[in-house]
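What follows is a pair of complexes built around subunit A, which joins subunit B in one and subunit C in the other.
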Partner chain A sequence: MVSESVDIVNAFALLTNFVILPAIAYGSQLALGALAVTLVYSVLRFSNFAQGDSMAFGTMLVILLSGYMIGRGWTITGIPTALIVIPVAIIGMAVYLLTMDRLIYRHYRKIKAKSITIVMSSIGVMFITGGIVRFVLGASAQRFEDGERFIFSVREFKAFTGLEQGIALKTSQFLTITIAVLLVAFLFYFLQKTKTGKAMRAFSDNKELALLSGINPDRVVQITWLLVAGLTTIAGALYGLDKGFAPQQYHLLLLPIFASVIVGGIGSPIGAIAGAFLIAFSEALLTYAYKKFLIYLLPLSMHPSSLVQLIGTEYKYAISFVILVIVLLIKPTGLFKGKVIVDE
Partner chain B sequence: MAYLEGNSLVAAYGTVPILHECSVEVEKGELAVIVGPNGAGKSTAMKVLLGMLEASSGSVIFDGQDITHLSTQERISLGLAFVPQTKNVFTSMTVQENLEMGGFLRNDDITHTIQEVYDLFPILYEKRKQNAGELSGGQRQQVAFGRAMMTRPTVMLLDEPTAGVSPIVMDEIFSNILDLKNSGRAVLMVEQNAQQALNIADKGFVLVSGRNEHIGTGKELIANPEVRKKFLGG
Partner chain C sequence: MSNLNNVWQSYRVIISFAVMGLVLLFVGLNQSWALVLGIINLSLISAIMALGVNIQWGYAGLFNVGIMGFAALGGVSVVLISQQPVTEAIEAGGLQMLIALALGVLTVATGVLLNKKGYNKWLIAAIVVIGYLITRYYFSDAARVIEKVDPAITGYLGGLGLPIMFSWIVGGLVAAGAAWSIGKITLGLRADYLAIATLGISEIILYVIKNEDWFVRGLKNVFGLPRPVPYEVDMQKSEWLQNTVAWIHRSDLELLAQSEQIAMLSDYVKGTSVVFVKLCYTGLFVFILVALIVLSNLALNAPWGRKVRAIRDNEVSAAAMGKNITRQHLQIFVIGSAIVGVAGALLVTYDGIFIPTSYQPLRFTFLIWVMVIVGGSGNNLGSVIGAFIMWFIWIQSGPMGLWAVEMLGNYIQEGNTSLEFIEDRVHYLRLIFMGSIMLLIMRFSPGGILPEKNKEL
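Right after this comes the complex of A and B.
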């Protein structure tokens, strides 16, 4: 036991364990979802309301495939089976998204429908997708994590550092952060350096001129859905590994994801990532109960008697909303100068 | 027979007739200008030449070949290039990337053609890593020309290249257009600034209500009292 009443190290160990690490992981998951929304918005020119439920669909594929693998005993010790089946799940997700595009969105592109019309149809896709997921897996929550749960646990950390407060790094958090960094690096490399990626940006920048340059619009659309399938499945699987899978939870993710995109600046990939972390940290910092943290930092006479929680966790979605409203009032283009949506 | 010619073109937007037996043509190494009042069908004539609008009668001949029924993309791969009036660069992409996108359809090495563009417009080489949207009006137009040059076209069609720019920039753009012509390409452009355009043109077409009102060399048209009175402000 540390004798002095002000104990900064333990206070920040506590904050790291309960706020910073979870927020980084959650922010990474939101960022991947927000990037998927940004890609669809930039290339296909509509806000995809089906994003949250698509993530549920991708996670459903991961759960089904990993369940099958575990049932057969095809697992690798220490590695979550979900991770191994993700590539196959991405293929399934891509097939689903391309089918939806072929059946629904392509029609609206052909008749040059207004953006709002396509948005409405994406709400339809959202209900269909959510329905399929609930039909297959049921509406209740479940966990599908297997393998080693921690990279290091609170107990190991305490034994190693001798601190009173421990920090645990969950496997799911570690995987989330690592994979998100790699995926974002790949995405930016793809968009900035490859011919196909540049063609996607050109198409997004100026459709008419892209056509005049011989860029094939159908191919750009297909590649966009493939990238979206990858981002969506991985975002969904990582979120599920971290927090468990529940269809309703995924459906509600749409709000923080949209908030991330708008806060960061619509159509800006960097903005989507920044927005995602802003939302994640706001949620974590505002809903955390600071009582224990303050006890470490304040002299005995000033110890709080209440929980010192600014907002109850049940209101965390309201935080996205409030940030969204503030940004739209003060800086409608978002942090990274995105577009302001006007119906053309 | 001229290198590119549109013969007796008739075209309409929906049910609104725009072109009535209008003919235009341009030779290699020549600059031809289409002038005329607003709504005369100047841009429409260009769209028909490019296949962006179907002609209900008449023909488009390119290098002796009838291309009346080819798609825009097919015409571009044959050697036609088009620089639209507005939104003619990818503003969020660098100058270099704009040129790369211009050569999107080519599978061979495009660095040589990019170098050609930089030789013609040296300022673009300096600004190659800058976004096209950050450039001045004149430089942007050079990017637009450069992008169109990437398919190594033999004919370049320019839609009002000097629309909305200052007189100084206009002179700069016209001199760029002469460079394009002097490099052996055929250049056909639609222009609002009739006087200046006819000054540098080898050939001019005055269009009124979708019909050829006058045809002649640039100098002839400027000298023509009727053209002067009606279109050049006396």
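Right after this comes the complex of A and C.
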């Protein structure tokens, strides 16, 4: 009897290590990206197709800066250098985004272009940004983490608990979850309590009324891009620390990010976070091979011979697409009722 | 100055096509005719693709970001129609695969039907999940068996062994089917849902093509597709080509000795056969392009076209007049995607080889978009000139980039690492270059080179 209950604990340790922890980390990274899309959507009124490549751009800045710091030996033991340089990278990202806004998006706001035209111009920005990143760093995958890789490793966990299966907490996962929580808390505080945040929400709810009450639209737009720069750079850097940096992978992140935003209800920040975790958990749960897990739980006669994997890992992007389609079919406004922006 | 401007305004079409023709003539005289014909053929295929996108964007304001996927579906159709069936693989796993696919279709159909009848959502979900698991069980077995059959040469089911021209129609139909299901889901909702959904579906189509080896061989590519036109080797053996070439070059040949004459003649014949084959393709593509343009212009001037424009220019009042906007958009989206599918099939036919990795968003989705915008959205001839101009720039931008690096290299001493760095990455500048062209045209000349004539403002 004792061994059976240990088996159950082992099974769930396995699941935590390979599904739950990675999914929470991935979900947090997606959530930050999705919040950036939501902000642009609410205030600037277009779906920003350049989000994935902007995240790559922010990560590129982090990689370049941290490479420079490591080269000089300016590191702090135990802490990834990438983390230290993020504030500087955010400034660079903000300059880039504000320049793009000044050169491209501002014109379309001024002539009150249809939102689909702005979406199209954001695709132009997507290619330019992707081109810059690939030109500077190349298209191949690379890792840029340094310092301690684990908060605690599988071996330490096993020695501590005496279990057969261990749980490891990667530094990148720990950082992702902590920073995401702090950042989201800050963002909600900012939007709900500060005067600027309230102005942004008012602007997003009703542009004309906001303008009449003396809100400066240019300032709202600038603050939005600053917030987007912060979210984008941090999301990109955390994703890169966790899974490595590859421009194409960042480009493809666009799909799960959009799916998160739409599933949660486009324009709703809470919805974006919920959507991101839904997508991340679906991906992790559906692509995990349950063979080992089931061996712990089932009697010997019922042990599976195949991998018991519901969907091949190569189709993980298809999962977010299928979820997107199902939500569009059943509840097009998303789980949390988002808003629908009509062209002026 | 204003005089020149007036001439340009009234003869835009003639001038732009004449300039493009002169540029191609210049390349032909300086380099080779085979090269020019190659550029023209690919421009023509791109023009057909751009025409499909123009119908969606220019006639209905539908933003399709998945051109790559629809073109790939056209390419897949070529393989599935024209390749000979692999009997061994079909005997090994054909029936099982058929059962698996039938089960998959049955599962989806049951789900949709029960959903329409308003059954409990959880019941439907359970049925779909169980159906999926059974399907997957049969499917993975069948795929494994099929892929084991001589994987170096076949390892897939092959095609139907029908004439390749038939696949162009099928390519259009397959793309239309995919477009219908995407449009059915996303049209009538927000405008950018279509963009997101098409982006998603095109990536997924390519994932399937690359990963399912039993289907169209995955990353192993499909070689040696049959041709709708004669082969160069056969041409060179034919009497009449030899005689014609000899007649054309008779003055050159007369001056030479007997042995030199034969060598010279065979050189000429080789060159001519290459040009002739390309000309055959050109004829085919021109015929298809002209037919499509004539058809779509006829439709645009008919009551149908007026309805389409009315909806595009003012959805609200068109809806008030009782026009079904969603249905109209779906129709146009399907037609446009079908044309993209035909162009995708033509492209693979012309290449004679199906390479899944050649489908890049930049080359397919984005380049075609730039063609439509540069040419003038809403104008069919604009798409054609846009396709010629952008394909020419696209083709030349590779060599031009290398040339620029070489020029730069003259100023930097040998072995400089930064030069090697730039040489290595210069092709990524294409992304920046194409993106900038698109943004500049959108910003400063939204009408493009040939703006739409009957745009009501």
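Simple rule for what comes next: the second predicted complex is superposed on the first by the 333 of 344 C-alpha atoms of A that agree within 3 Å, B and C clash if a C-alpha of one lies under 4 Å from a C-alpha of the other, contacts with A are read in each partner's own complex, and residues count from 1 in each chain.
In the analysis below, a contact is a pair of C-beta atoms (placed from the backbone, for glycine too) under 8 Å apart; a residue touches a chain by one contact, two chains touch by 3 or more.
Nothing here was measured: the structure is a model prediction, and the numbers come from that model.
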By the touch definition at the top of the document, which applies to A:201: first (subunit B), second (subunit C), both, or neither? first
Report for A:215: first if it touches subunit B alone, second if subunit C alone, otherwise both or neither. first
Output check: A:277 vs subunit B and subunit C. Expected answer is one of first, second, both, neither. What do you get? neither
In this superposed model, does subunit C or subunit B come into contact with more residues of subunit A? C
Determine, under the contact definition given at the top, whether A:157 touches first (subunit B), second (subunit C), both, or neither. neither
Report for A:131: first if it touches subunit B alone, second if subunit C alone, otherwise both or neither. second
With the two structures laid over each other on chain A, which partner does A:104 touch: subunit B (first), subunit C (second), both, or neither? second
Which subunit A residues are contacted by subunit C in one complex and by subunit B in the other? none
Residue set of subunit C touching subunit A in the complex reads 61, 63, 65, 121, 136, 185-186, 189-193, 195-197, 199-201, 203-204, 207, 211, 362, 366, 369, 424-425, 428-436, 438-439, 442-443
In the complex, subunit A residues that touch subunit C: 46-47, 49, 104, 107, 114-117, 119-121, 123-128, 130-132, 134-136, 138-139, 252, 254-255, 258-259, 262, 266, 310, 312, 314-315, 317-318, 320-321, 324-325, 328-330, 332, 340-341
Across the complex, what residues on subunit B touch subunit A? 72-73, 76-77, 82, 84, 87-93, 97, 100-102, 104-105, 147, 151
Can you name the residues of subunit A that touch subunit B in the complex? 195, 198-199, 201-202, 205-206, 208-215
